[in-house]
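Consider the two complexes below, in which chain A is the common component and chain B and chain C are the respective partners.
This part shows the complex of A and B:
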């Protein structure tokens, strides 16, 4: 790199606004058109978890999900942003119902000929274990709403980090029409710690960060076609990419419906032989996406 | 580390009881069983995920939903949808006895989250296309495996048996993650319904359409099978007269009591949805 290019890159870096460092509310605001953000069921509505206080845990008055209506290039939109610093972004009854309920209303509007563009900012460990079965139930409702809504408008998911997207919500991410990630993002069903506990440290050493990211990190997921866009941690670039994703319209085939492709790919895998991130990139490079 | 436990036969037991078949399909992993049989006066498809100690993916030998299970379920359900395109939308019965999603490094690398999503997508798409999709819980309905196989059904039925349970995480793992003893976890479940594992506590959440009592879940006799058939038929009829979404899960008296917050969130959200 020439000195001039290096200076230019450094200036770009300094001029960037980090998306990862923002809270959920700021993230939602950063995605929507300037001045269009209107929060639904905000902190003053005081819809809290009824289950956490029973277990001696203080409940936050938005239950860790920010819902905002607004516009994207002037078109009506909905952003659901999960607050990763509250209970690890986990899905409880209320936080999950906020997302499911909002998607259900977006679906109703779409069915009435008034499209709403849905964006999910997914930073979550999955089910909130203190609300166990109600968390799992509402995640199924979120899946149902995404599948129904996807028939009308693309559903766009963003995983920016640092928590990543795990558990039942990793299925919600996989159901999105298009997924945007950063290098800091992780997307996986079972968190590394859970795999280590369930299958042993020989299966996965959860403290080996380089290994974890080589398996489920944003860059790896992009390289093998399990997500659609890989971006720097830049709020402006992420907001622009969300608009581009909607402009592309509905995918020819949703990733979660590419049954033949993935069964064919799995048939070619020998589970007796070792496989790592770079090895999979060689196999799945240039993944087909419409 | 999880220890080797006895493989559950509940899935195959109920597939045989309801269809008199084993449901093995050419070109499909032996863990995913599909059989067609008459239910009332129409054909229905029955789908089970069963253990296979010889599964080529070692992490999916004990009844887990793994990579091939998720995608194979998606293929089978989508075949049923395609076959129903020009005619009757036949019922799909998911027989649920799934111990968990497959935990493994290889599973994560190859996208087990997408495999499970593919199955959930297929079941939800079948429901939206007008197939009555009924989940019959005959054993464990755990976490991501249940999300993939069963939780997108129009109606959830369960046998009233101690081995039938629903939860977000296995007991031992949940105890470790929440830094509680298994005994403490069980005590908590007695006080806080969503924390419990057993199906009677789950029934209090209002998500179940019917808890089927008095049936021998391990060795069903003729009367037991008849009783379950009648419950399935009633659930199918109820589905066909209702909406294609999951709203019935919020309609029961139990849901109004236990999932009051879920209902309240939706009520107030609808009020605020459009700007004043």
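This part shows the complex of A and C:
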């Protein structure tokens, strides 16, 4: 890179507002039209986890989910943002029910001819283990709500990092009509630490960041066509991309409905032969982006 | 997990409620709202046991300057006294803004 190009890139970097460094509330605010943010069930409603204190864990006053109504280019919108710093963004009974309930109310509005544009800011390790089945149950409700809602409006998911999106919530991400990620994002069913713990370090060294991101990082997920947009960590660009995603309308076919395509792609993989990130890109090349 | 309650005299009312912080490792959230009476009430939920004296010292010092009739709830996940003071000052600043 020439010195001039390096200086230009540095200036662009300094000119960006990081989305990753924001908390959930700031992120929701950054997505919505300026001044339109209105929080539902905020911290002073004190809808906390009843289960964590019983296990000696301090609960947060909003259970780690920020729900906000507002507008996107003047159209009514709903943003559900998960706070990754609190309990790893895990989905408990309350936090999950907040998202599911909000999506169900958005669905009701859509059915009554008042479309609400839903945005999910997914930063989560998945179910909160301390709340076990209750967390899993609400994740299922979130899935059902996304599937019902996307018949009316596109459901847009954003994974910006640094936690990523795992477990049952990775299925929620996969059900979204369109997914927007950064290079720092990760998307997968089991997180690398879980894989290392269950299958051994020979299977996956979770401390090898380059390896982990080459398998499940935002760039790889974009390259193999599992997400739709790959952006820099730039709040303005992410907010603009969400608007573009809604402007594109409903996809011709939801990714999760493309069963034959994905069965065919899975059939191309030989489980007996180790597959790495570039290998998968090569294998799925054609439909996938390079 | 420990629960600590403290009361302080107040010199003036607080005009609004504010929320700052996050219950993450080494951090805390502060919910500050107008108190129902002319005193300040603090409730601390902390993940670390046995630091009641330190909490009282930090809050004593904060209320020497703050003086607002506020109900304050703190949900703490192992913040150091310095971080606690910064979050309290952040809440006080947000109330004045």
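One rule holds in what follows: the second predicted complex is superposed on the first by the 280 of 290 C-alpha atoms of A that agree within 3 Å, B and C clash if a C-alpha of one lies under 4 Å from a C-alpha of the other, contacts with A are read in each partner's own complex, and residues count from 1 in each chain.
What we mean here is this: contacts are C-beta pairs under 8 Å (C-beta built on N, C-alpha and C of every residue); 3 or more make two chains touch, one makes a residue touch a chain.
Please read these numbers as outputs of a predicted model, since none were measured by experiment.
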Partners on chain A (chain B, chain C) - clash or fit: fit
Which superposed partner A:285 touches (first chain B, second chain C, both, neither): neither
Which of chain B and chain C A:47 touches, first, second, both or neither: first
Contacts of A:215 with chain B and chain C, given as first, second, both or neither: first
First (chain B), second (chain C), both or neither touched by A:57: second
Touched partner set for A:11, first chain B, second chain C, both or neither: neither
Chain touching more of chain A, residue-wise (chain B, chain C): B
Chain B versus chain C as contact partner of A:147, first or second or both or neither: first
Contacts of A:195 with chain B and chain C, given as first, second, both or neither: first
Superposition-derived minimum Cα distance between chain C and chain B (Å): 16
Residues of chain A defined as touching chain C within the complex: 23, 42-44, 53, 56-61, 83, 85-87
Contact footprint of chain A on chain B as seen in their complex: 1-2, 56-59, 67-68, 71-72, 74-75, 78, 101, 103-118, 120-122, 124-125, 127-128, 143-144, 146-148, 151-152, 166-170, 173-174, 176-178, 188, 191-196, 202, 205, 207, 245-246, 249, 259-262, 264-266, 268-270, 272-273, 275
Of chain C, residues touching chain A in the complex: 1, 17, 19, 22-25, 27, 29, 31, 33, 45-47, 73, 75-77
Residues of chain A defined as touching chain B within the complex: 38, 40-41, 45, 47, 49-51, 54-55, 67, 69, 93-94, 97-98, 101-102, 104-105, 126-127, 129-141, 143-144, 147-148, 151, 167-168, 170-175, 187-190, 193-195, 197-200, 203-204, 215-216, 226, 254-260, 262-263, 266, 269, 271, 275-277, 280
